[in-house]
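When the chains are written out, they are named A, B, C and D in that same order, and each has its own residue count from 1.
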Amino acid sequence: MDYIIEMVNITKEFPGIIANDDVTLQLRKGEIHALLGENGAGKSTLMSVLFGMYQPEKGVIKKNGQEVKIHNPNDANKLGIGMVHQHFKLVHNFTVLENIILGVETTKNGFLKMDKAREKVVALSDRYGLKVDPDALISDITVGMQQRVEILKMLYRDNEILIFDEPTAVLTPQEIEELMKIMKELTQEGKSILFITHKLNEIKAVADRCTVLRKGKYIGTVNVADTSKEQMSEMMVGRKVNLQVEKKDVRQGEVIFKTQNLSVKNKLTSKMVVNNVSLNVHAGEIVCIAGIDGNGQSELVYALTGLIHPDSGTIELKGKDITQSTIRERNIGGIGHIPEDRHKHGLVLDYNLAYNLVLQSYFTPQFQNHGFLKYDEIYKYADTLIDKFDIRSGQGTRTITRSMSGGNQQKAIVAREIDRDPDLLIAVQPTRGLDVGAIEYIHKKLVAERDEGKGILLVSLELDEVMNVSDRILVIYEGEIVAELDPKTVTVQELGLYMAGSKRGADK
Amino acid sequence: MSNKEKNITANMNRRWSSQIFHVEGFSSFVSSLMAIVVGLLVGFIVLLVSNPSQAVGGFMKIIMGGFVDMKNLGQVFYFATPIILTGLSVGFANKTGLFNIGASGQFIIGAYAAVYVGVKWTFLPGASHWIVALLAAMVAGALWGLLPGILNAYCNVNVVISCIMMNYIGMYTVNFLVTKTIFDSLKNQSKRVAANALLPKLGMDQLFKAGNSSSSVNAGIFIAIIAGIVIYIILEKTKFGYELKACGYNREASKYAGINEKRNIMLSMVIAGALSALGGALLYLAGSGKGIEVLDVLAAEGFNGIPVALLGLNNPIGIIFSGIFVAYLNVGGFNMQLYDFVPQVIEIIISVIIYFSAFALVIKGVIHSFAKRNDEHAANANAESTTVNVTKKGGEE
Amino acid sequence: PSETGAPSESESASAETPAEEGKFELALITDIGTIDDKSFNQGSWEGLKKYAEEKNITHKYYKPTEKSTDAYLSAIDLAVKGGAKVIVTPGFLFEEPIFIAQDTYPDVKFILIDGNPHNADYTEFRTEKNAVGIVYAEEQAGYLAGYAAVKDGMTKLGFLGGMAVPAVVRYGYGFIQGADAAAKELGLADGSVSVNYHYTGGFDATPEAQTLAASWYQAGTQVIFACGGAVGNSAMAAAEQAKGKVIGVDVDQSPESPTVISSAMKGLGVSVYDTIKAYYEDKFPGGQGLVFSAANNGVSLPMDTSKFEKFTKEDYEALYKKMAADEISIVKDTDKDGKEVKVTDLKTSAVKTTVVE
Amino acid sequence: METLYFLVQQTMFFSIPLLIVALGGMFSERSGVVNIALEGIMIMGAFTSILFINIFQAKIPGQPILLIAILIAALTGIIISLAHAYAAINMKADQVISGTAINMFAPAFAIYVARMIRTVQQIPFVNEFRIESVPVLGNIPVIGDLFFKNTYITTYIGFAILVVSWIVLYKTKFGLRLRSCGEHPQAADSVGINVYKMRYVGVMISGALAGVGGLVFVIPTSTNFNATVSGYGFLALAVLIFGQWKPSRILMAAFFFGLMKTIASAYSGIPFLASLGIPNDIYKMIPYIATLIVLAFTSKNSMAPKASGIPYDKGSR
C-alpha cells in the first residue's frame, strides 16, 4: 500500500513524560484519517512533530516512501503539510487576508503586494464555499469563520496533507456539518486529511480509518466502517465507557431561580446582546441554554453571576431579588458557577491546586480565622476533594495549576463548585475539549446534583450534550430566548434550525 | 481504594511536594548567589582594566568596607533603612501584579509630610511627635499611591505610566510646598525638625561608633525590618494577602471568585505608597542633618527600591536582606575612595547583579533538572501508584 | 582609539597616587555637586591641585554618600583615615560638619569655603585654631557684571540662578544693583533697564533651563547672567541659537562658548591655593573668617577675555578702585541683623526687576 | 507670531527625541519585548557619540561629524540593546529586571569611563550643528519660519524615522511579521517565522533609535553631556503608551509632551503667560497632570501588543 505520509516509531519526550512512545501512523493519499485518544494521549504532540514544531527523539517520517527531515513549519510547508491547530494561531488584530499570507507574503521591492494574494484567497473561498471576507478583522468574526481562515491558510499554501487538531470542539452543529462537507470535498480533490477529535460520531461520519493512542502509546489502527463507537472508545480508554447518559426521570421541585426581562447592552455598540430574557429553573432539573456561540450566552451568564450588571430586568434566587447583589453575595447565596473559560475565570493558574480549590471559600470560618488563613484546613480539604473527585496532578495539593492538563483543571473547578453545595449550578460548556472519559464523569456529576434536588442551568454548544443531559431546552438566538423545547420530543435537526434562527417560538 | 493505599498516595504526594518546595527555595537562593558572584566578578574586572595595580586593594574595600569598623557597619543599616522600605513597596506591589515605579514620588511626599509635622507640630509631646510624623507620612504616601490605583482600577490607566507622572508631580509639589512652608532659605532646603521628631537612637549611636564619631543608625532600621515582617505575614498568612496575590495573578478569576478586585488594586497601591513614604520619613527624621532639597531631581531612593525588590525576589524577608546587602556595597564603595577609583563602580556591580538575577529562571531550571534526576525514583513510584488508582476505579464501575 | 585607550591624564593621575591606602595629604570633600561642577567644588579643587602638583604633594577628593551632616562627617573621617593633613570643604553646607570636626580632629586643618563654622541652630559660631572660614563678596562680583553690562549698552538683562543659596543670591542682588548704578550714571529713565530674575531649581544643564533662556532671548533679553554651575551650559546653548550673550560665573567661562562675554569671578582657586600655601609656610590663618572681596582682589571680571563693546578696561578699573576702597555699598542676601532680604526689597529705580517664580 | 515660531522651534527640541525614542520602543514592544531600558540606552548612545564629537570635532566639520555621531549612537544603542535582548529572549528573563539593570548601568558606566579617561564626567562639545535657516525652504513665509529656521538636521531625521517606521510597520513583510510576533508569537511560529530573530531585530531597532534619541536630545539643549538624559527615556515610554503603540499617535503624543514642556519652561518669555503669575512649579507639573487626565479618558481600550512582555517559549502553547 502506498502511503503519502508515514510516521514510523516516533518517540517524543518532554521533561518527565514520554508524550509519544514508539508511535507509528500511516496516512493514505486521499483518506480522512482520524486520531483518537484521551486528553494528554499525545495526539497534538504527534501532529506537532509532523508539522515540524517539535523534533522527535526517535523515529522517522517518510513522504511517499522517501525519508524526510522536518525541522520547522517551513519544512513542513514545503512538503505540502498544513495544520489547523487546536488553539487557533490567528493574530486577532490582523485582517483575514493578512493572517492567510503571514509567512508566505508576496512582495515587490520589499513592500507587501496584496492584490494577487487577495485574488487567490477569494477564488479559494468561492471554490470551497467558505464565504470569508478577506478584509474582516479576526477579532470581529466568529470562531467558525476563524477556523475557515485556518483552512484557507492551508489551501493558500497549496498543502496536500491537512492536519485538523480538534477542529470541531468550538463549532456549532451546523458549522460542524459544513466542515465535514468541506473535508470530504478536499479529499475528493486529492488531499489527505489527519483529523483529531474526541467525538466518535464525527469519526463515524467522515473518517476512513482511525488510529488510537493511549498514554502516548500506539494502540492500533482500525477501519472506521468496521468498528463500533463502543469498540473505539474502549481502545481509547482501556475500558468500557458508557456513552449514554443514564438518568432518572425529572422530579421538578419549586422554582428556585428566575429572571425577568433581563437585558444587557454592548457598551461600545449599544447593541442588545441579551434581549429581554425571562427564564426560570426549578429545583431538581437541568435546564439547558442551547445556541450557536456568540448569541449572548456569555453575557447572559455574566449577568446572572454578577460579572456584569444588566441594563434592565430582575434576577431572583430562592425568592430573593439578587439583581443588585455582588458576586460574593450570589456565591454565598447559593449560586455555583463553572465558567466558560477555565483559564480566564476559573482558575488562578499560578496558585497551587489547594489554593484554587478554596477560591470560593477561603474566606469562610472553615479556612480563615481573624483574617489569617488556616493552612492545615485548606490542605486537608484539598486532599479530600482530590480523592473524592479523582483530580490527577503531579504534586498533589501543591501542584501549580498551570501545569495540569485541561481535563484535570476542569475537574478541579467542577469539584470546587459542586462541593460548595449550591442550590443553583450554572455550568457553561463544562465538557469543552475534554475526552469521553472526562465528559462521562462530568455529566454524571451534573445528573447526580440534579437528583439531589439542585437546579442546574447548563449552557452548551454541543447538540449531543444538549439532547442527552437536559430536561428542558431553551434556545437562545441573538440574545433572545426563541424557543422552549423538550429534549424527548424534539429532533436534532429541528433544534439546529431553531439555533440557526430560521425557526422560532414553537413550544413556547 | 483501600484506606491504606490512599494514605500511601497522599504521603507520597506530600513528600514529593515538600521536596519540590525545598528545591524551589534553594534554587532561588542559589540563583541570587550566582548573580551576586558574577556581579562582583565583573566589578573586579572593571577595576582591573582601569587600574590594575590598585584593583585588589580597591576590591577588598568594596567587599569588606562595611566591616572596617562599627561605625561603618552602623552606616550600612542607616542606608539600608530607606531602600528596604522602597524595596518592600515595589516588591509588595509586584506580588499583586502592579509595577510600582512610583516609589520615588511616594517617598518624597512622605518625607515632606514627616518633615512638615517635625518642624511645625512642636506642640506634640515626647515620642508622640515622631510617631505622628511617621503616620502623617504614611497617610500622605498612601494617598499618593491611591491615585494611580484609582486610575488603574476605574480607568484602566497603565500603572507604570501613571506612576512615572506621579513621580514628577510629587517632586514639584514637594518643591513648591517646602519653599512655601518649611523653607530654610540659607540652605535652600527644609528646616531642621524638632528634636522630639527625630527617631530614637536606642543607644545604637554608642554601639556603632568609631573613635568619637558615631553612625547615623537609629530605630528606623527596626521599623524597616518590622515592616518587612508585617508585609510577609500579610502576603503569606492572611486572607487579604490571598486576595491580593490572586488579583496579581489573575484579575478576572479574582473577580469571578467574588473578590473586589478594584478595591484590592487600590489597597495594594495604598500600602505600597505608605511603605515608600515611610521610607522617606525614616530617612529625613534620622537626625543625620539631612533636609529636603528644593531640587528638580527625582528621589533616587525610590528607584533604588526596584533593584532591591528584584534582588530580594519580591519576597519581603528577602528584601530586608537585599536592602542591607545593597547598602553594604554602597558603604564599601564609599570606603573604596581611598583607592583611585570612581565610586560609580558600585552601581555597575549592582546593575550587573540585577542583570544576572534576571537569569534566575534558567539557573533554576538547571537546578531543578538536577533535583529531578535525583528524585526520578520517587517520581516513578508516585506515577505507579496513580496508575493503580486508575485501574481500580475503572474496575469498580 | 589612542585617546580613549591609554590617556595621558589617567596615567598621571595614577602616578601621583600611591598604591596603598592612607597617604593623601591634601584632601577635598565635594558637597552636592561633583568635582567638575564649574562652580565652587571645581574652583577649590583647581586651587588645591595646583599647589599639590607644584610641590608634588599627594592629594585626593572624596565624595560623601549623601547630602547630610553625618555623611559629610563620615567623609571627613575617611579623609583623615586617608592621611589628610589639610581638608578643603567647599560649600556652606559644611558649616555644621566643620563646627564638629574641628574639635574631633584638632590636628587636621580645615579650610571651609563659602561659610564659617557654626552649630545646627545657628546659636554658636566658633572657628578653632585648626579651621578657617572663607567667604567671598559675590555681591561685588555680581555688581561688576551688572554694571558692565548696562554700561556696554544693554538694557534687557536676565539673571538665571541655580538655586537660591546665599552665594547665588548675593551674585544676583549685586547684579541688579550694579545695573541700576550704571543706568543712573548713564542718565537712563526710570524703569528703562529690565531684569528677569529666576532660579531654575538645580545646578544641572537641563532642556528646561535651555528653553527658559531661549524664551527670554526670544522676548528680547540681551544678556543672561547664568549663575548656577552647569545651568550656564543651558544658557549658552540657548544663546548660541538666539545670538544672545551670557555672563559666566565663579571662574572665567569664556572658553566654554563664544557667547560668554564675561564672567563674574570669585577667587576660589587663588584663596584655596594661598591658604594651603600658608599652611606649609606655617602661617595657617586658623581661627579666622576671611573675606575675599575687591579689597584683596578676591572678586573680578576677566577683562582680558571679555568681549564688551563699549565698556573698557579703564571703566572697569575706575569702578574696581572705588569698590576696593569700600565706597560702594551693596545690599546682600541678609541685612545687618541677619534677616533675609527679598529681591523686592532692593531699592532700584532705573532697573525694573521681574521675578519669575 | 514670533512667539509662535519660537514655541514651535523650541517644541521640536523636546518632541523629536521623544518621538525617535518612543518609535524605538514601539518596534521593541511590537515584537513582543517591553523595553524599559530606553533611558539607559539613550544615555549610552549620547555618551559614546558625544565623546566622539568631543574628540574629533577639531578634525571633522559640523554636519558630517553629526551624521557620523548619529551612526555611532545607533551602533552603541544596538550593542546595549543586545544585552536586553539576550536576557529577554534567550534567557526568558523578566523584561523589567534586565531593563532596570541597564538603566542603572548606563549612567554609572558613562561617569566611570568619563572620569577614568578624562578625570571629569562632563563631556563638552561645541554646537556647530545648528542650521540658521534651511536654504530655499527657510525663505517660505510662515512655514519656513516654523519649520526651517533655527533647526537641526536631527529634526528632519526624526521625521524621516517616523515616515520610515510607519511604512516599515504597515507596508512591508518585515513589519507584518514583527507585529505578529508581538501579538501572537505562537501564530507567527506556526507559519515558519523565527520569533526569536524577529524579537532580536525589534529590540535592536529600539536600541538604535534610543541611542540616536539620546544624542538628538543633548545636542540642542546643552553644551556638554553629563551622563543624564533627564528622565526622557521614561517620558518616551509614556509617549509610547499615550500613543497607543501607533506611529501617527506617537507623533501626536510626542508633540503634546513637547509643547507642554516648552510652555512650562518658556512661559516667562511669553507675555500673556508671564502675566498670569502662576508659580513655576505649577507650570512644571502641567505636562504630567495633563497626561494623567488624558490617559484617564483614553485608557479604557488599550491597544498594547498582546504578547508584549511575555517571553516566548517555543515549547509552551
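To be clear about the criterion, contacts are C-beta pairs under 8 Å (C-beta built on N, C-alpha and C of every residue); 3 or more make two chains touch, one makes a residue touch a chain.
Listed by chain with UniProt protein names: A = Nucleoside ABC transporter ATP-binding protein; B, D = Nucleoside ABC transporter membrane protein.
In this text, all values refer to a predicted model and were calculated from it rather than measured experimentally.
The minimum number of touch steps separating subunit B from subunit C is 1. Contact count check for B-D and A-D (C-beta pairs in contact): higher for B-D.
Farthest chain from subunit B, judged by C-alpha centroids: A. Centre to centre, using the average C-alpha position, subunit A and subunit C are separated by 76 Å. Put simply, the C-alpha centre of subunit B and that of subunit D have 30 angstrom between them.
Here the spacing of subunit A and subunit B, counted between their Cα centres, is 43 Å.
Contact of a single residue of subunit C with at least two other chains is seen at positions 10, 13, 201, 204, 206, 208.
Counting only residues that touch two or more partner chains, subunit B has 50-51, 175, 296. According to the touch criterion at the top of this document, the contacting chain pairs are A-B, A-D, B-C, B-D, C-D. Of all residues in subunit B, only 46, 50-51, 99, 101, 151, 155-158, 160-162, 164-166, 168-169, 172-173, 175-176, 296, 298, 306-307, 310, 342, 344-348, 350-352, 354-355, 357-362 touch subunit D in the complex they form.
Within the complex formed with subunit B, the subunit D residues making contact are 36, 83, 87, 91-94, 96-98, 100-102, 104-105, 107-109, 111-112, 115-116, 231, 234-235, 237-238, 241-242, 279, 281-282, 284-285, 288-289, 291-292, 295-297, 299-300, 302, 304. Interface residues of subunit D facing subunit C in the complex, by the touch rule stated above, are 2-3, 6, 10, 13-14, 51, 55, 116-122, 124, 126-127, 130, 150, 217, 220-224, 226, 228, 230, 261-262, 264-271, 274, 277-280, 284. On the side of subunit C, the complex with subunit B involves touching residues 10, 13-14, 17, 19-22, 24, 32, 60, 62-75, 77-78, 81-82, 92-93, 96-97, 104, 120-121, 163-166, 200-202, 204, 206, 208, 340. Interface of subunit B with subunit C (complex): residues 50-51, 53-54, 57, 61, 71, 75, 78-79, 175, 185-188, 192, 210-213, 215-216, 288-290, 293-297, 330-331, 334-335, 337-340, 343.
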